[in-house]
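Have a look at the structure that comes next, please.
Labels for the chains are A, B, C, D and E, by order of writing; each one numbers its residues from 1.
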Amino acid sequence: MNNNFLQPFLHKGKALFLAYDHGFEHGPKDLTGKSIDPEYILDLAVKGGYTGIILQKGIAEKYYTDTKYQKTIPLILKINGKTNIPQTADPYSSINCSVDYAKRLGAKAVGYTIYLGSKHEEKMFYDFGKIQEQAHKLKMASIAWIYPRGSAVEDEFSPEMTVYAARVGLELGADMIKIKYCGSEETFKKAVQAAGKTKIILSGGPEVEDEEILKTIESVIKAGAIGIAVGRNIFQDQNPLAITEKIKGVVFD
Amino acid sequence: MNNNFLQPFLHKGKALFLAYDHGFEHGPKDLTGKSIDPEYILDLAVKGGYTGIILQKGIAEKYYTDTKYQKTIPLILKINGKTNIPQTADPYSSINCSVDYAKRLGAKAVGYTIYLGSKHEEKMFYDFGKIQEQAHKLKMASIAWIYPRGSAVEDEFSPEMTVYAARVGLELGADMIKIKYCGSEETFKKAVQAAGKTKIILSGGPEVEDEEILKTIESVIKAGAIGIAVGRNIFQDQNPLAITEKIKGVVFD
Amino acid sequence: MNNNFLQPFLHKGKALFLAYDHGFEHGPKDLTGKSIDPEYILDLAVKGGYTGIILQKGIAEKYYTDTKYQKTIPLILKINGKTNIPQTADPYSSINCSVDYAKRLGAKAVGYTIYLGSKHEEKMFYDFGKIQEQAHKLKMASIAWIYPRGSAVEDEFSPEMTVYAARVGLELGADMIKIKYCGSEETFKKAVQAAGKTKIILSGGPEVEDEEILKTIESVIKAGAIGIAVGRNIFQDQNPLAITEKIKGVVFD
Amino acid sequence: MNNNFLQPFLHKGKALFLAYDHGFEHGPKDLTGKSIDPEYILDLAVKGGYTGIILQKGIAEKYYTDTKYQKTIPLILKINGKTNIPQTADPYSSINCSVDYAKRLGAKAVGYTIYLGSKHEEKMFYDFGKIQEQAHKLKMASIAWIYPRGSAVEDEFSPEMTVYAARVGLELGADMIKIKYCGSEETFKKAVQAAGKTKIILSGGPEVEDEEILKTIESVIKAGAIGIAVGRNIFQDQNPLAITEKIKGVVFD
Amino acid sequence: MNNNFLQPFLHKGKALFLAYDHGFEHGPKDLTGKSIDPEYILDLAVKGGYTGIILQKGIAEKYYTDTKYQKTIPLILKINGKTNIPQTADPYSSINCSVDYAKRLGAKAVGYTIYLGSKHEEKMFYDFGKIQEQAHKLKMASIAWIYPRGSAVEDEFSPEMTVYAARVGLELGADMIKIKYCGSEETFKKAVQAAGKTKIILSGGPEVEDEEILKTIESVIKAGAIGIAVGRNIFQDQNPLAITEKIKGVVFD
């Protein structure tokens, strides 16, 4: 079973993903300027040399499937999602795309968010269990976004929670996990260690100064992460390709 | 996958739908005069040159399927619904017709209401995910009614909520969405932009003065919407065909 | 799809059903005298010239299926039910017999109760949606008992609620609905109108004076209902066949 | 459909079952002395001339299936169960064995407990509905334990509740029901009458004086019950075979 | 049906399992030193002569399946799990791996945790019911971790609860159960007796002094348990192989 389903997404063993599900998770207010247009983003992903693009079903189906993009950049289909409107201390994010449909749309991986520590974590472990198995049967990678969140989670960004998230990713059989930064290379290294053969990429987060994000990326790469999924730091930037190049310098070299 | 499932519903690239599910959603009190009779409405839809008729399962099965209407006006089968009787701040509307059955009844599209921001939005995203996939497999369009509603939604008609609704329609893979007016051409244009390749039609709403509805339609068409679904403004009007003609002047010309 | 699944149940276009699910819904205390015995009731139904008998699964399977009764009176299998023991303001009644099994037992129609306006109405709309489709696939009629009930329902017998119930029956695709009297021929006529091609029968209710029930039946028949389902007014009567004859006089003549 | 699935369990038209699910329902404290050992119980059932043995899945699979017992005493597989640990006013008992698996284990009937009047009765009616149909398809009897219990049940042993339980057993299509004593032959006779062609056996209950249990059995047999399921009154007795003989004297003669 | 699915896991009729799901259940903080690395643990299991290794899906798939380990030590795939983050008095642990997938991964048994007495015990009985049947169909053993826990459980380690847990394991059809120590050989013997043909292994628990764990193991083996599942007492020990040898001395000799 040691098939490397991540292979299509790697360049020099590293991954640089452009995430573009903010319109669902945060609302279009995040999609400033041209970034409201999926084609702009897909062009950006290709031009920037990203090794994967993260889309929800609708954008994949209407802008990616059977287009030139399908041949030039591999797709991670994010198959669950929620809005930020309901006020729920213990979140759950439901599936809106089947793994089979993701395959039909040309995806080579599926992504699923788990809110670790939520009162509803049991539903997400169950969902991901089925997703992971179906993905592997279809020879696709399963990627888990694992974010500690819930009424019992005091600090979502604590090293303890981050390392726990990394380990749960491994135990559940994710091929790759997307987790948040926990403050230092040293603590992040423990997450990498806990994740074992499950690969880690950094979740980019809200836009910050170029220097800050580059420093963070450098830190996680040194710690053993294999890449990053960026979004707002790119398409909210005045010069997305320039910041992309800087990031590539850190990730791939 | 770029099949245009909406084609049967378009005239000059525009859509003019007659909606007739008020008997379920609001009760028969909305169905004044002859409008209580589905045949009257179907005749009106044909005579008026509507490009689609929106019905619940029962009315479709008894008045549309295998009748002359099936040949003259395409059907959008509304497959979920609820009454206005239970007092629930966070609504959910359950499925009462399968996509397969809608196909058997002659529908070329299915419609499903999502209450965006409801505590139960997760169930509706899940439902719509399955509906959308099944509809596309059967070569039918999937149309989402997306209405912000719930204890966390302060203003259902705010531009922010409307633009969010439009985007979620795209992300979920709806071919078309039916949303409400948010006050101006300028703000509605942002919704059109956010929806991208997902087409937008205006949800007509309660009866208002002819001038007001025509002005609103003009505004959304200018903003890039491709049409409108009307109901009460037509069949509660003293002269439904006359107001229909006026609307067609705005929509198609 | 214009198959008339109700045909087996009609005499001169009218329906007279003997309902016998009180042992489940209200407890055996309703089944006074000989009426505790299903064979007595089945004999009564045949002798009385009823056009249909309403039974729950168990009584059908043990007293009707493969007996002489199966050849002499058509069966409506009531496939959901609840007791009156739990105190719930917003009722739900669960399915205890599949449509396929009802078919095996010889039923030509299935019956299902919807408590309109209950907080759980969504579950009943969903259940009935599946039942209706399966029934039609098996060439059986789907009959909905639609009773307004729930914490948000102020008056279960108001004309407004009754007309709403009738309309929902049509919208959901019921072939026939069983509803309660709302006080006058005039108001009941509105329910008939709202139900369109969905046929209406009166729900008989608790035992009252002969004159009263006959007057009510006359009123609903004039209003356009096609019949009545009686139970307690028959088998709690001293002379069930005599009152049956009187009812037939009103219904069929 | 008049197959008599109960035939394997009857001797002179009567039934005498040894129930042995107390280890699940009450905990092993009920299983005094040698009765902790399933083989002791199975031997006792055979020696005592019981007409059926009631076991949960695990004990059936490990002590009954493919053993000498399978040829000498027919099995009722109890397919749901709960412990007495959680404090719930409105109980529900979940299924832990499929009907198909019960068949594989050699059972000729399945047993299922319904807590009548519990807020969760709807789930049990639904479960039993599916169980009953599957059992009959596999030519097995369906037996319902029907016990009034819940926050709305004032007196679990009242004649009114007992008669209601009996009737619900018939309406749901149980071939046999196991109910509790309601105080007198006269009142129990009403339960027998309400159950019609559904056979009734008495639920033995906690250990009491020999005279008392014998008197109760005599009372229910006179009332028309066809037997009894005993457990604690047998295996907590100093001389199980002696009390068995006395019971047989009452049941079979 | 008397297939001995436990055979692959026994040495001289005894079992010594190395459990390694702490990263999921407690977080990586339990995995001190080299024990964070699954290969280290797998090597340890082989070198130590363990008769089985307990892993969650992800670690099995990435470190065990199709490796040398698959040939040298049999796998128990733990198919449910939860974190210790949400504060829930009445726990439930959801399934994250199907029995079929466990088979594909090379497992010869599946493990499932039941929190006996939890308000959600009904869900776990239901889950385990399906798991057990599917495991046996695939010729795999079903092993239940049975831990009394919930708002109604006063003392999780009381002899009464422990004996109850053991019995429920038998009644549910587990081939083996993993339970906790209840204080003495005498009381544990009652658990062994209650479990009958269902085999018992001790759940090792948190790290204690070598002498203490050895004494406890000796006690349960004398009581009739067939082994122990150890974890923290091994990999948190300074010399895991040395303590392993001592344990083997107690278990196998």
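The criterion applied here is as follows: contacts are C-beta pairs under 8 Å (C-beta built on N, C-alpha and C of every residue); 3 or more make two chains touch, one makes a residue touch a chain.
Here the structure is a predicted model, which means the values were calculated and not measured.
> Give me the superposition rotation angle from chain C to chain E, based on Cα atoms, as a multiple of 5 degrees.
145
> If you average the CA atoms of chain B and of chain D, how far apart do the two points sit, in angstrom?
The mean C-alpha positions of chain B and chain D differ by 55 Å.
> Provide the C-alpha centroid distance between chain C and chain D, rounded to the nearest whole angstrom.
Roughly 34 Å separates the two chain centres.
> Taking each residue of chain C in turn, which ones touch at least two of the other chains?
none
> Mapping chain-to-chain touches, which pattern fits: line, ring, star, complete or other?
Contact map by chain: ring.
> Please give the residue numbers of chain D that touch chain C in the complex, ascending.
Touch list, chain D to chain C: 1-2, 90, 116-119, 121-123, 125-126, 128-130, 132-133, 148, 150, 152-153, 160, 163-164, 166-174, 190, 193-194, 196-198.
> Where on chain B is chain C touching in the complex?
That would be residues 21, 23-24, 27-29, 31, 36-38, 56-59, 61-63, 65-66, 81-83, 85-88, 92-98, 101, 104-105 of chain B.
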